[in-house]
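The letters A, B, C and D name the chains in turn, as written, and every chain counts its residues from 1.
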Amino acid sequence: MLTVKRLDIADARILIKGASEKANEIGVPMCIAITDESGNLIAFERMDGGKVSSAFVAQDKAFTAAAARKATHEYNAANVPGNLAFGIHTEVGGKLSTVGGGLPVVVDGDVVGGIGLSSGTPQQDMDCAQAGIDYFLQNRG
Amino acid sequence: MLTVKRLDIADARILIKGASEKANEIGVPMCIAITDESGNLIAFERMDGGKVSSAFVAQDKAFTAAAARKATHEYNAANVPGNLAFGIHTEVGGKLSTVGGGLPVVVDGDVVGGIGLSSGTPQQDMDCAQAGIDYFLQNRG
Amino acid sequence: MLTVKRLDIADARILIKGASEKANEIGVPMCIAITDESGNLIAFERMDGGKVSSAFVAQDKAFTAAAARKATHEYNAANVPGNLAFGIHTEVGGKLSTVGGGLPVVVDGDVVGGIGLSSGTPQQDMDCAQAGIDYFLQNRG
Amino acid sequence: MLTVKRLDIADARILIKGASEKANEIGVPMCIAITDESGNLIAFERMDGGKVSSAFVAQDKAFTAAAARKATHEYNAANVPGNLAFGIHTEVGGKLSTVGGGLPVVVDGDVVGGIGLSSGTPQQDMDCAQAGIDYFLQNRG
């Protein structure tokens, strides 16, 4: 039997708070998805003004970051023609996202969940995802 | 009427054993999928620590290698802009994988199945898939 | 933070062994899928003679039993016109199975995975799934 | 290693010829799909006047009959609320058809393929599918 650590809903709210504060700071309303370590949704918020399509994209980014235990921008770097990983973005029914903005949430060396942001540029999405994680690591109980 | 040769479940277990031994040797827990010659699943194992997303990707790689009778890294080499095969990775609902790690299983010149590995780098996945085939060819009845 | 218990690959193999022994006893080759508590595949075997379509159905049954923490035959009983649950079988992209043969694997009151059988009648599938669980509970370490 | 018997393209043409002659006889232009024993398409014809939607439905019927080794009208009989198989029609991404008109093609006790008809009433589809099989069994080499 394995024992797995997983974000709870209180953790997820902290992650969203950190990410949305950064989104407010840069003035870009975001969709923010938090998944557990298997990539299944725990919490989601579409800030007023967040994009409809991003409600899907944010979930895919968070899924990927958690289930594959890798930042989506790292997959992005590998997903170039000629690289042996090229084409990975159509896997899992297209849910495996290679668009920047998804980060695994790591606690004590274990991936315990994923955060995915979407609505801004990929760099803005990445910055807000990172802000969510930074805030979480400083403020979790 | 055609007569087709196909891996049986005992063959599939041998392939998994060879691949997982190599995975243990390199210290990367893998998802390992074995399909028949038509790309349908015969056996699958997710080693403890294998990635959730790789449970899907490994199956797609094995499907591709068997059903298309081609290693996924060969498709990868062809899947570059300007090549007439570019874009092939979205076919079959995205199940046609161009990520290295899927190999056809060939016996006496016939493709009798496919093996797909996922969780490591594509090169690690390829090495473990090849180890599975090598072990199978030496140890099948 | 939550702590989750999950079947490991050794557990999955025991479940498959118990189910396949029962399948051999009744003379019906089966597809057998084992998922973790989130419904993601850990192990799968298609016994020689198992149906191709059942390779998919078995996975859906195991997914449902684990992810919904409910036997698929219990969903079946509720999935009748007029019942408020009617239509549940098209959920999760049709992966939520209401066909008998999927059972949650429960240890110390926690759902730690799912087992799904397919190729026989639903009752045969259910019997073999139960045999897998019985064998597991008697033989796990 | 398993050895599997499978329809070849000449067999598939004979099946289509028998089914289309019956379709002409009853005055209903049909879509006719022939799959191999794993449910993958070998041949397909849409008679002039066959329905566009039936180009899909016929393939699903033939897939089901072959991959599940069961006539779709038999699944239809089991797919009623209260039966343990109810809900089976959404499996395999909805490809598992419980609409009459799909029959396994059996030679010497082995399912070697499937035939699926669509465009008429289910009973007309079933009659033409059966006519295809009857013609095939009398005229194959």
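Methods note: a residue touches a chain if its C-beta (ideal position, glycine included) is under 8 Å from a C-beta of that chain, and two chains touch if they have at least 3 such contacts.
Only a predicted model underlies this, so the values are computations on that prediction, with no experimental measurement involved.
Colleague: Could you compare the number of C-beta pairs in contact for A-C with that for A-B and name the larger?
Modeller: So, comparing the two chain pairs, more contacts are at A-B.
Colleague: What is the distance in Å between the mean C-alpha positions of subunit A and subunit D?
Modeller: Going by mean C-alpha positions, subunit A sits 45 Å from subunit D.
Colleague: How far is the middle of subunit A from the middle of subunit C, if each middle is the mean of its Cα atoms, in Å?
Modeller: It comes to 30 Å between the two C-alpha centres.
Colleague: If you average the Cα atoms of subunit A and of subunit B to get two centres, how far apart are those centres in Å?
Modeller: Between these chains, centre-to-centre, one finds 29 Å.
Colleague: Any chance you could list the residues of subunit B touching two or more other chains?
Modeller: Touching at least two other chains: 8, 38, 40, 48, 52.
Colleague: Assign the assembly's chain-to-chain touch graph to one of these shapes: line, ring, star, complete, other.
Modeller: Per interface graph, the chains form some other shape.
Colleague: Throw together a list of every chain pair that touches.
Modeller: Those chain pairs which touch are A-B, A-C, B-C, B-D, C-D.
Colleague: For the complex, which residues does subunit B have touching subunit D?
Modeller: Counting only subunit B, the residues touching subunit D are 1-8, 11, 36, 38, 40, 107, 112, 140.
Colleague: Please give the residue numbers of subunit A that touch subunit B in the complex, ascending.
Modeller: 2, 38-39, 63-64, 66-69, 81-88, 90-94, 96
Colleague: Subunit D touches which residues of subunit C in the complex?
Modeller: Its residues touching subunit D are 48, 51-54, 56-57, 60, 73, 75-76, 79-81, 86, 89-90, 93-94, 97-100, 121-123, 126.
Colleague: Which residues of subunit C touch subunit B in their complex?
Modeller: Spelled out, the residues of subunit C in touch with subunit B are 8-9, 12, 38, 40-48, 52, 55.
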